[in-house]
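There are two complexes below, and they share chain A, which is joined by chain B in the first and by chain C in the second.
Here is the complex of A and B:
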């Protein structure tokens, strides 16, 4: 197993509020790393740091051991990190293919190469075993889960190594939650590193390999999802229980 | 006053009407259990004359219980008989250790929707059942079926089940599910009858009725996934035993001095081929893997993963051979996630079975992979749901 991204002693403040304090974290390929925590624990800030939305005040972000400066989401994408946020940033009036290829459309001469884009879109959705009625319907006509799938598919287009999913199951019905969680498993099988940020312990335990717990900006511990009980996790999130000595996995 | 048995409105036994009623029930039962049959096959299975079959099928088609479609069998024209779709829907749920699968089908066993959902390790029964019932409701909505069209639900649970009461009967096998009253809980949430059985039993039923074991009897089914389960179908019926533990091959003793199993005994088959053990063997060399990863890597030629799976096949074969010596099945169907590895696991399994079974003039039992793969248990759940609907009289004939 190889670490795709390493956060070394990373801190980030917004004014007087310390969002993250001295966080060390490794994100490995072929693994789902879940980040859980209460509101204001620093989960979204962590997602922002990984995807180039925020830059750290202190500490380093390393990719394959080399320090990098992720100054913008575009820079992060060039380094192979893609993110899907709670606001999906899809264009409701455009169809699935147009949304997937927005900004990097395939061209054939002076025209758009609709045929190859549509084929690629289907290939991508098939690989994710995603169920979309048609790639030519406006995104507004799709369900919440399907829209999230499209957003994730778009993140996958440049074949990134790391995919950051910020709260992918909030505001979804049970069937759509099932589809998104199955999709996360599929991403892992394809060899991506997945960072899953969520506050649903049930969903996190269902798909994660490792669970990192944040509390008030501090990394409380990393847990092996296979052997950690819900009670241990809740204890670590709320601070009711100090993490056991063995709680820090690897 | 009269005792209850006398006051029933049923026709006198032996009368023409009761005979006809019994024949009708027999035909509906045969069609339901086989999914679809030609009239000639129906005659063979029920033992009724082709003329009787033709008459009753015509009558039941008229009342909307059966439907017929033209087809061909061995080059001849034939009438294919299925249950009418309009009869209603059934749902099947398979609770795995880490995945829940839900399928929805109409009465002719045509699949209408299927969904799977990852589950947490050691998930709790109440959470699982709530998610299952919500999924069933959303899926019923998505095929635009009205309330009341759902006839019955079948549930598979990876632990021994007391099928008469629908309660998990094991102690300590499935944490969070011990003693769970699955049937009562889910039928209260969904408002339809619920049948519960062990997951491997359901897989056995699905393979015996519709899958790789059609036409064989007895059938032994082994499900190798996170845990190891087994089911036995004898004379077309599942063997449950006293409290639903029949066929629990995962807890057959392989080594008396072996490690302690989750069931409390020593050296069970599961302590050699259960997923924690297989993955544990690879942890030092390969890091954190899932069972699916091991199968894919073995197929891609990874030597370590191949070795782990072929050893697992040999252990499984030893236990299956013991079962074969007791039941003498015509076929052994291997299902579950490990079966996806194909001959990497099946070849050592076959040779262990050949070595250790009593030599017979018929040769060793056939060992085949499951036809439905990881969906076998959910298919079996559909089958028991439809059985339940028929025995409750929802298919238009009294049982």
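Here is the complex of A and C:
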């Protein structure tokens, strides 16, 4: 089976700093691939490469086996890749519907088609089983988890095949984190290929199918989420112990 | 769609959002409408002349020019910008019309067109400097204030004052032409019927789409309130000269701007850019184009305000648009409930705000109080309005870290 999205031998440098070196990764539909690593491991660069913010120096990005050039976020979206960054890019003063469709408003003639937008918003939020008090309140009034839900829901509007989530649980409380992780599972059920960038090992073990570990730009290994222990992952992330050797990272 | 899930959709349709608009919503029109009533009652008690139809007709005519300028300010404020040069731009526009008609022997209409184009070009320049080169609008328009005021004086020439002929249509439009009583009543009826029809049609669309919709009765509250309001205005002002054409123009401009801001992509983008510049950019909003359009709209409306001022005074001089006019226009927009911090406000705040400011000026003049007192009172009202704006903003920001 051909993967939904493939990175083949991808490298990226910023000046003298090698952010990613010769990385190979595959993500399938109906799958959550988590990417973990310490600060500076290259996680955000990887997210940038997938979402068209950065272009690789070497190597290829393939979608369904076809090489693609993701030169901008817009180009990535056209190829069916949507990204939700740490910075949610929501306008606090606009309500949920306005934010969901910002930049892609439905209009009949010169006037906005509020009815169809509001209907689509409800359908989408229902599918995600997202709890939002109203789609007509400014997002400033929503909780952090709800805001993140709205940002993720907006990424889904173009019906992308691949969704890249960059640190989706950062700065969230326990309940809100659970809310977002449930949402990630629902994305998998909907048939998306999900790339979950995170530094929280508990989070990725909760929802991921496979876990890729990055350290200093190198892909250290891929682990099966079911069978891998936290210690294995910590060891791989920090490099304190040889990967897959088990034992404690001190 | 499941009906079971419809229950928690508490936001309702137009009725509750219309209600929110008037109470604690974005635009907060209710407090300022209430304040206006208080001001009118107080001045009416202090000097019954204030309440006479003739005085209120004057009040409405006095409000037009500043109100049109304030409307432009509302647009730039919504886009998260400011234009300090609106007074100078209006003065230049007045000078162009007057000098064109008198010295250049132009038809007045040509002068008006040239003035509006000049305004649009000034706004275009601001917009390009701010949107493309990232210069701060505050400083650019402050520079514009000085430059344009200088140009205005040059255009006026050595005398510094040019009178428009009293028989020109521009003067009559602003001083002498009033909507005939019958036409006013028919017009009011048409507006009310139109608003009611739109409400019913929208309710039907929401019902068909299985979205929460207000009751038919709820939909009809808005046109009913509007009908009472229009009947009072038309009936009462009709006892004196009536409703001036320039007043109709102002109200129509406000209504059209309101629809553009709330119901079109452009309006949504203006509010988005004013709310969060970077988020709008990331969402794919054409930020630059939106900013440029906001500056163009503001300067063009400022020029129109100047043209109307020239008509009302039947003259243009070095003082036209000068002094604190730009501050008055900004104060009107803010008093009316448009936020200085961008993204929140309504076109109607230009109408309400300018009515508050002109009522204070008019009422204090009737009480024989001088300009100093007028300034002090207007300043206090402005401080009060800005305090409310800031407090509400802080309350809304409590769950948000961005400042």
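We take it that the second predicted complex is superposed on the first by the 241 of 250 C-alpha atoms of A that agree within 3 Å, B and C clash if a C-alpha of one lies under 4 Å from a C-alpha of the other, contacts with A are read in each partner's own complex, and residues count from 1 in each chain.
Here is the rule we go by: a residue touches a chain if its C-beta (ideal position, glycine included) is under 8 Å from a C-beta of that chain, and two chains touch if they have at least 3 such contacts.
Given the structure is predicted, the values throughout are model-derived calculations rather than measurements.
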Note to self: Contacts for A:181 in the overlay, against chain B (first) and chain C (second): which applies, first, second, both or neither?
What the structure shows: first
Notebook entry, point to check: Looking at the overlay, does A:226 come into contact with chain B only (first), chain C only (second), both, or neither?
Noted result: first
Check: When the two structures are overlaid on chain A, which partner does A:17 contact: first (chain B), second (chain C), both, or neither?
Finding: neither
Next item on the list: Could you look at A:207 and tell me whether it touches chain B, chain C, both or neither (first, second, both, neither)?
Entry: first
Check: Between chain B (first) and chain C (second), which, if any, makes contact with A:31: first, second, both or neither?
Finding: first
Next item on the list: Tell me which partner A:102 touches in the superposition: chain B (first), chain C (second), both or neither.
Entry: second
Notebook entry, point to check: Which touches a greater number of chain A residues, chain B or chain C?
Noted result: C
Notebook entry, point to check: Where on chain A does chain C make contact in their complex?
Noted result: 73-74, 85, 87-94, 98-99, 102-105, 107, 110-112, 115-116, 118-119, 122-123, 126, 133-138, 140-144, 154
Notebook entry, point to check: What residues of chain A sit close enough to touch chain B in their complex?
Noted result: 1, 30-31, 173-175, 177-179, 181-182, 184-185, 189, 202, 205-207, 209-210, 225-226, 229-230
Checklist line | Footprint of chain A on chain C - complex, ascending | finding: 1-2, 5, 8-11, 17, 26, 202, 205-206, 209-211, 263-265, 268, 271-272, 274-276, 278-280, 282-285, 342-344, 396-397, 399-400, 402
Checklist line | Interfacial residue positions of chain B with respect to chain A in the complex | finding: 98, 115-123, 127, 131, 134-135, 138-139, 142, 287-288, 292-293, 296
